[in-house]
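Okay, so chain A shows up in both of these, paired with chain B first and chain C after.
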Partner chain A sequence: MASRSMHSSRWDAVLWAYVITFFVVLYGPLLILVAFSFNDAEVVALPFRGFTLKWYWAIFAMPELVSSLVNSFVLGAIAGAIATALALGLALGFRRDFRLKPLLLRLILVPIIVPGIIGGVVLLLFFGYFGMPFGLYTTVLIAHINWTLPFAFLTLYPRLHRFDRSIEEAAMDLGARPFTVFRRIVLPMIKPALYATFLFSFTLSFDEFIRTIFVLGGERTVPVHVWSLVIGEIAPFLPAVGVVIMVISVSASLIGLLVSAQGDRVAAQS
Partner chain B sequence: MLARSPSTMPMTKDRWRPSIIWLTLPAAVWLVLFALAPLAFMIVMSTWTSNIFGTTATWTFDNYRRFAEEPLYVSVLFTTVRVALICTVVSLVVSYPLAWFLAERKGRAKAIFLILVFLPFWTSYLIRTFVWLPILGRTGIINDVLLRAGIIERPLEWLLYNEGTIYFGLVYVYTLFMTLPIYVSLDRLDRSLIAAAADLGATPVRIFWRIVLPLSLPGVVSGCVMVFLLSAGAFVTPQLLGGPSAIMFGNLIASQFLANNNWAFGAALSVILIGVVMMFVFVAGRRIGLQRIFVGEGR
Partner chain C sequence: MTRNRFEFGNGAGWSRRSVLQAMGAVGAASMAPQSAYAQQKSIDGLMVNAVMGGPLRGIVEGATGVKVNDGPFVSSTDNVAKLMAPGGGTRYDLLIGVSEFSKAPVLGESSGKERALAYDPAKIPNVKNLSEIARTDLVERDGKTFLVPVYWGYDMTLYNKDHVPENDPLTQSWGLLFADKYAGRIAWYDVPHQMIMVAGLHMGMKEPEKASASDLAEITKFLISKKKNVRTIWTTFAQAVNLLASGEVVVSYGWIPIRVALQRRNFNITNNWPSDGLLVWSHGAYIPKDSRKGDEAQAVVNAMLTAEYGVALTRETGYLSGSTAAEKLLSADEKKAAGYDVRERGIKTYGLKWPTDLSRWVEAWGKVKSA
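Take a look at the complex of A and B:
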């Protein structure tokens, strides 16, 4: 192979050793968290005193924690759906050139460029001063859509951009209305990308903390609840809570990755 | 590149014009209303005055003067920039070999390795941060193992709650934002260039400095901007792993809202942080173009 001549097998061995070390550091702590979640001990520390599921059962015995989980789940679904819909409009519009396109792109990037903590602070000042009621489905939802919209656009746009437009143009020339073209030609092609975008946005919203904490109303999201638990003494059930949250976000993003990979394959075949 | 799109017949283009407006308008209105307007309002409020009765609209630079005259605040800003820069460099060194490794894989192995790298970064950074407490803490795993093995007699205190732990924690949660763009640019690198250089007798080191690195520079710049941005605005990591002595600008800002209730001063501090971050982004952006930093190199 072309690049093979550049590095000898010795360099390959060093690279593999490095990559393995990287993965150990990356996954080690998470596996330790999983192990602690099953540890039958009152403190989050060694030694392991036996296997138990009691910390998982303990989660269900804490109504505040359960309701924060439900809140984050519902909020993630709503924020993900709205962000995906807004991003779809943007991505469809961005397939053509128009005068304000460069300016609009900058506008889309604003929530990414502004540091997260300030993304929360600006909404606190704005809504606080103008008397918007703070709550899960008002201020927190807005903060989450702000945060997820740029990523939804950046996920969706490249996938929409690479489709061959000649089919659509042919349909238009034959007199099909734009909405019919969208429903019959564009939508079936981008469906996997839409599902993936929704799932990624859901995960981003589900795990969002720094913007949320500033615009919170009476009800908490799960990262905010976890924060209140972490800043004190680390409770023995905390690893189990961490594992539950990880399982939810990992499954959502893994399904998203698989769906979008499948969509890419379909696109490559057509 | 985003700006490039195939030329279309004028007739088709005209038919699309109204639909572009209707398609992009909802998101544009959203962003102006909820991203741009609050930001502008914060800049205005940074010139107001807050006291125990609330915040009143005046026109004063007192908040900025207060920042400049208090050595503590200025030193926290310098610490924050230093931490963000060091984290950026460390992430770059950590990520580059990994990105090269990923770009060299093929087929199914590539897909699996990519997913393995991505997955942890799609989980809550709050959890990926606090997970280090029972590992590095006084009664944590590392101390426990070392004590049992008889290597140390007393628990190591320096594992947690210092600036070093912040570097470690930030690189751990944010390094993917460096790996990903570098991987993308290395993946697109034309391998025949390397082969040609090697055939002409260039050493691997020379090939790296003259071909691989320059061609992956857009990815490197993009990754550096992302990691710098994220680290400069850090709040969770210094709060959990840094201990009371190692505060960063994000903690200073948060305390104006969560503890001191001094909104106008908090707004001024936020404007200062955005100013510093923007300077960095635009210096980098002038080199490779703003949209390439965030949108990637397009196709």
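Take a look at the complex of A and C:
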């Protein structure tokens, strides 16, 4: 009995060591980034020369960086909205059985499987072949929707798949037309999932870099701008930019998770 | 929903009329800025973003009345890839990249297959002021000019003067990058082309770019033998700057902008002038042949060869103007620090030439990195 308890506590210690190492490796670099964002030094390097907030103020004094942030926000919002709408349509369609359904399901997921750099090259060639003007709200928007749509679909489809069809059937028995059933029954119940899908798609679009760099015109999104700074300038404010981007992405994801969790609770109660 | 009203619940909602009014207002608002900007001439370009940074953009746009929308520059070879991709002839109006890398794709396989517009000499009169070094990279065919070098520079070894003596033959050679003396405090650059070129120059090869298989094997063996001295191999500007600024390394392969950025912040870092051959290159401007803004692009190129632009270019970025007009306005100290007088000083220069088989070089560098 005593040896079993010692054995168990040894395994507990190993497990704790593993968990601590896991979190240190996962979050350590992020904490270092946050620390450097407050470092009063002209280069991103040790030693720590004092605490300052000036790099955060510097971000908002740079019109080009602010413009990139706005570009990423607006693009993310539009791409997220379109991807969510398209994913909703796909998910509704996939509730039925039809020929080639398994194949189509896999085709939807192809953008996830194709490596980013290959995806970027493919889009570059595709848009060039059709003579599309390269720009933020033309080629980049399509590239972002192409990237986020599979994730939006994977987020929304399980929710719709679990939806109790008998409620819809009851509504139709009472004389409601299909659009009314969708608008008055289905939509209110999946609204939390739609918000979560939108926010998740927004985050993916906001952070997207590799495909964007191939199909961008003269404007920049914030990941592309940050990369330009890394390869071309001493930019001591870069860690601060990284923290701001992280806060935006994490906040959007957390809000999405909370809304989604709330939706699950409401669905469980009903 | 009633026929003419979108209901949100609790009595709130939009009438159809108010929705249409809002859409009209948004449409009108989005048109206004477009109509204002539509008046200004502009070109889309790809170039090292620093050459349009700060006051440089104002000089070019002020002289030409053309707004330069410079996209994020990846590399000179990326420029060429975009030029050669479907639709590449119309996507950008001006591309500026390493002349040596751009020459063959710009000229195409034969006369008539050029991918760039021929310059109109009347639109680029400042080409007559091209310096001797820049002029060697002018790309012409059948009496027409397709690529104009607008600025030039060189790669070097950067070193910390607090730890590395300046007046030492080892310091003033590519051997500094491989010196056992500074073992553990050296950084290399993660690009096969440059690293193998400088190793070849250091080993005394006359034309490293034409290295045979056995020569390349010798270079690879040499690099592997010296890898033990290397602290790290950097890939980005920011990495190189931080390595030197923090003192983690005292010797590093370097670029002009790295030197300028560190010296501007009072770090005691400078570059060597390698006796085995300063690796020089130029950046040349070419206009994709299907660009509809050839006149505007040529005006920008001409402006980049003015004295005013050239002086600002050297003072802001450290790059050297392709025009002798700029050189005349710089002080003797500025010219010496920048390197305008390298040939007068008797420093051997060697052009960054394209290897005869880059894939073998890439493979060789892979062996060095994995050793």
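Here is the rule we go by: the second predicted complex is superposed on the first by the 258 of 270 C-alpha atoms of A that agree within 3 Å, B and C clash if a C-alpha of one lies under 4 Å from a C-alpha of the other, contacts with A are read in each partner's own complex, and residues count from 1 in each chain.
Note that in this section a contact is a pair of C-beta atoms (placed from the backbone, for glycine too) under 8 Å apart; a residue touches a chain by one contact, two chains touch by 3 or more.
From a predicted model like this one, the values you see are computed outputs, not experimental measurements.
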item	value
Overlay on chain A: chain C relative to chain B, clash or fit	clash
First, second, both or neither for A:Ile117, with chain B first and chain C second	first
Which of chain B and chain C A:Val230 touches, first, second, both or neither	both
Which of chain B and chain C A:Leu75 touches, first, second, both or neither	neither
Chain B versus chain C as contact partner of A:Phe134, first or second or both or neither	second
Which of chain B and chain C A:Glu42 touches, first, second, both or neither	second
Which partner reaches more residues of chain A (counting touched residues only), chain B or chain C	B
Partner chain(s) touched by A:Leu194 [first = chain B, second = chain C, both, neither]	neither
Touched partner set for A:Phe209, first chain B, second chain C, both or neither	first
Which of chain B and chain C A:Val186 touches, first, second, both or neither	neither
Partner chain(s) touched by A:Gly218 [first = chain B, second = chain C, both, neither]	second
Stretch in clash, chain C with chain B, out of 76-84, 94-102, 166-174 or 274-282	76-84
Common ground on chain A, meaning residues reached by chain C in one complex and by chain B in the other	43-46, 124-125, 127-129, 213, 227, 230-231, 234, 238
Contacting residues of chain B [partner chain A, same complex]	2-3, 5-6, 8, 12-13, 15-17, 19-28, 30-32, 34-39, 41-42, 45, 55, 94, 97-98, 100-101, 104, 111, 115-120, 122-128, 130-135, 139-141, 144-145, 172, 191-192, 194-195, 198-199, 204, 207, 229-230, 232-233, 235-236, 239-240, 250, 253-254, 257-258, 263, 266-267, 270, 273-274, 277-278, 281, 290-291, 294-296, 298-299
Chain A residues within the chain B interface of the complex	1-3, 5-7, 11, 15-16, 18-19, 22-23, 25-27, 29-30, 32-33, 36, 43-47, 85-87, 89-90, 92-98, 101-102, 104-118, 121-129, 142, 145-146, 149-150, 153-154, 157-158, 161-162, 165, 169, 172-173, 178, 200, 203, 206-207, 209-210, 213-214, 223, 226-227, 230-231, 234, 238-239, 242, 245-246, 249-250, 253-254, 257, 261
Chain A-touching residues of chain C, taken from the complex the two chains share	1, 44, 48-50, 69-74, 82, 85-88, 90-91, 236-238, 241-242, 245-246, 248, 257, 261-262, 265
Residues on chain A engaged by chain C in the complex (per definition of touch)	42-46, 124-125, 127-132, 134, 183, 213, 216-220, 224-225, 227-235, 238
